[in-house]
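Take a look at the structures below.
In what comes next, chain A is part of two complexes: it sits with chain B in the first one and with chain C in the second one.
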Partner chain A sequence: MASRAQIPTSNSALIAMIADEDTVVGFLLAGVGNVDLRRKTNYLIVDSKTTVKQIEDAFKEFTAREDIAVVLISQYVANMIRFLVDSYNKPVPAILEIPSKDHPYDPAHDSVLSRVKYLFSAESVASGRR
Partner chain B sequence: MEVEQEKPSLENVQARQQEKQREGEVVIVEEEEEQQQQVEEGEENANVLQFMDSMDAYLTLIHSLSSTIRQGWLELASARHSMGASRVNTVLLDHKFHPAATTLLVTQDEGKVDSMKQHFTLCKWASSGNEKCSLGEAKSGQDKLHPQLRHRASSQLYEEKTSSEYKASHEVDDQVQKERSKSLSVFGTLVSPKLRAAQLSFETALETLVEIANTRSAVLCAFDKVNKKLGGSKG
Partner chain C sequence: MSGQSQRLNVVPTVTMLGIMKARLVGATRGHALLKKKSDALTVQFRQILKKIVSTKESMGDIMKTSSFALTEAKYVAGENIKHIVLENVQNASLKVRSRQENVAGVKLPKFEYFTDGETKNDLTGLARGGQQVQQCRAAYVKAIEVLVELASLQTSFLTLDEAIKTTNRRVNALENVVKPRLENTISYIKGELDELEREDFFRLKKIQGYKKREIERQLAAAKQFAEDQFGEKISLQKGVSINSAHNLLSAAMEKDEDIIF
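== the complex of A and B ==
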């Protein structure tokens, strides 16, 4: 599953966001926003004009950065890049799927729950105990 | 004749004694194996319980987050309604260099060197160097202070300590309020109380998100342990 590499500890790691406008504005009000010297932000606002490529690039960038500990992503946005999100298996940054205004949270699509749900299948438990 | 008859019976006795000894050893080994099995089953049950508990906590926290965020959206919509859509807009966001005021502290789980469990701690409004970490960390700091206070070497020292603590916490609160106002000032000098309420709701949502991150880590850790056992029993 996750790699056995040493988990990097960090004194002040950032929270990145890939979400709709209202969610991003709300968390920016809570002080999460960061703009570095190259004017790179730790958030991507997703609207009707945002392409899947832009979302993929932002996800890859945020998960590769060492100064980011958590990536918040709206679940409906995560569904657009589901293959990428589900294939991600590093412990840090942690990917947290959050609800959005127009798309309430659906546990069936959550990447963590989909990873562990097979344990709840009667068939898999029975086959394991034979 | 009699001596010859005694010899076979002695040999028989020795043979029987050796057989009993072997049987005794086998019984001991079987008992040890049974104990080992019971210990392993106990560990397996503990892992499964831990997994189920962390799953339950994860789902409960997600539900709590959904309601907190929903409240935040409603307050934001209300602020937009009273202040105007042009005043609560992402166009106004500051794109000049500025560090995040709210950050995370990531540490590895204590106790096990090769543990994959990481721990996240929220540090709110820390851009001025005045770190205000989440309640859990603040409480552990206070617990360290209390044993010293209980000694009460002198009442004056106790009073000095409490007054300095009061001043320090007052300063921290002032600093936090400053940082909150700075964050709100992006949307203008005079902002709607609903926008302030939205800010607090999203701060609460952040705290819940950090708990979710820690619970997620616990779920995946417990899942790995349960999966290993299942994999071992299949193989």
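== the complex of A and C ==
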């Protein structure tokens, strides 16, 4: 029981986003965006000028923040920091890979599903599009 | 390696034997219980996995619909919608609540989203396309619903994975290390106790032998003493030397063939 990670039961936690402009704008429209007093936002817009370092820093910051429960990340952005995403194994916050406009969802690269690909020998996830 | 199934270092007494037996019973019961827990967790795990796969597929579709709605809104309301939305971000109105659920003895997190405060409707600066924007917003809210559910499924999935690994590790440890060790210890103690018993038995027998020989020796000594006494008496009576008295006695013991009477 010494390795049991503490899952905080919080009453209000935010949803962070690291995605391209359109996706982020859409989610902000829905009301997920939050800017606190120190002008820190819970989203990062990734475009062609964003460096990998910036994405890494944002990812690390979002996962370290106590008040963020879910991190949505576009799949092609996740591919850029694949090593960080794959080595992340805390249950909270949850890392979700979402498709973007130009890159449809590819389950073969999803960090969570690839971990259990061995469970699906006959019915592979990628070919499970019924 | 000889460390495969060693025994514990204990003093081989009867009390220890009782203790070890009790421990073995405990280990066996614990092993059966843990195995059942692991099976139950695996069943839950597979169920969650199936749900995750189907939800991810539906998520892909929903995101497509919402991006399409966004494109529509952009087309109608002009390209400036991005800047306006970005500037209008203040406090999040859609937040996530997390609580713990107990499934087969494992605490799993579950997320549910809720609306905190009103959705900001004052997107001032949007001259046209209010309806498209509303539709787009609704589509994205639905997407958030699905995403939050997916997030909670994913976290429970990861937590269950950990729990299953720990339980399986414990089951294997009990089965391959603890129980053989205890069994070896028990047989060692029994062997030592048997050996002690045999030693005791052997010692007893030896002592019995000594005692018997002691008694025989004493008997022989007593008989000798009695003979001497008698010999003395005869020699005193007959006025003969003790030696000839002895000879008389021993002659009386033996059968003399010459004497005919």
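By our rule, the second predicted complex is superposed on the first by the 117 of 130 C-alpha atoms of A that agree within 3 Å, B and C clash if a C-alpha of one lies under 4 Å from a C-alpha of the other, contacts with A are read in each partner's own complex, and residues count from 1 in each chain.
Heads up, the rule we're going with is that a contact is a pair of C-beta atoms (placed from the backbone, for glycine too) under 8 Å apart; a residue touches a chain by one contact, two chains touch by 3 or more.
Computed from a prediction, not measured in an experiment: that's the story for all the values here.
Engineer: Mind checking the superposed model to see whether chain B and chain C fit together on chain A or clash?
Structural biologist: Aligned through their shared chain, the two binders clash on chain A.
Engineer: One more residue to check, A:L37. First (chain B), second (chain C), both or neither?
Structural biologist: In the superposition, A:L37 touches chain B alone.
Engineer: Touch check for A:L28: first (chain B), second (chain C), both, or neither?
Structural biologist: The answer is both, since A:L28 touches chain B and chain C.
Engineer: Is A:K101 in contact with chain B, with chain C, with both, or with neither (first, second, both, neither)?
Structural biologist: both
Engineer: For A:V70, is the partner it touches chain B (first), chain C (second), both, or none of the two (neither)?
Structural biologist: In the superposed model, A:V70 contacts both chain B and chain C.
Engineer: Among the options 4-12, 166-174 or 220-228, identify the stretch of chain B whose C-alpha atoms clash with chain C after superposing on A.
Structural biologist: The one stretch of chain B in steric conflict with chain C is 220-228.
Engineer: Can you give me the overlap between the chain B contact set and the chain C contact set on chain A?
Structural biologist: 7-15, 21-23, 25-35, 41-42, 69-70, 72, 91-92, 94, 96, 98-99, 101, 104-105, 107, 110, 112-113, 115-116, 119, 128-129
Engineer: Tell me, which parts of chain A touch chain C in their complex?
Structural biologist: Spelled out, the residues of chain A in touch with chain C are 3, 5, 7-15, 21-23, 25-35, 41-42, 69-70, 72, 89, 91-92, 94-96, 98-101, 104-105, 107, 110, 112-113, 115-116, 119, 125, 128-129.
Engineer: Which residues of chain A touch chain B in the complex?
Structural biologist: 1-2, 4, 6-15, 21-37, 39, 41-42, 45, 69-70, 72, 91-92, 94, 96, 98-99, 101, 104-105, 107, 110, 112-113, 115-116, 119, 127-129
Engineer: Please give the residue numbers of chain B that touch chain A in the complex, ascending.
Structural biologist: Residue list for chain B touching chain A: 51, 55, 58-59, 62, 65-66, 69-70, 72-73, 76-77, 88, 90, 93-108, 114, 116, 118, 120, 123-127, 179-180, 183-184, 186, 195, 198-199, 201-203, 205-206, 209-210, 212-213, 216-217, 219-220, 223-224, 226-227, 230, 233-234.
Engineer: Would you tell me which residues of chain C are touching chain A in their complex?
Structural biologist: My answer: residues 46, 49, 52-53, 56-57, 59-60, 63-64, 66-67, 69-71, 81-82, 85-86, 89-100, 107, 109, 111, 113, 115-116, 119-120, 133, 136-137, 139-141, 143-144, 147-148, 150-152, 154-155, 157-159, 161-162, 166.
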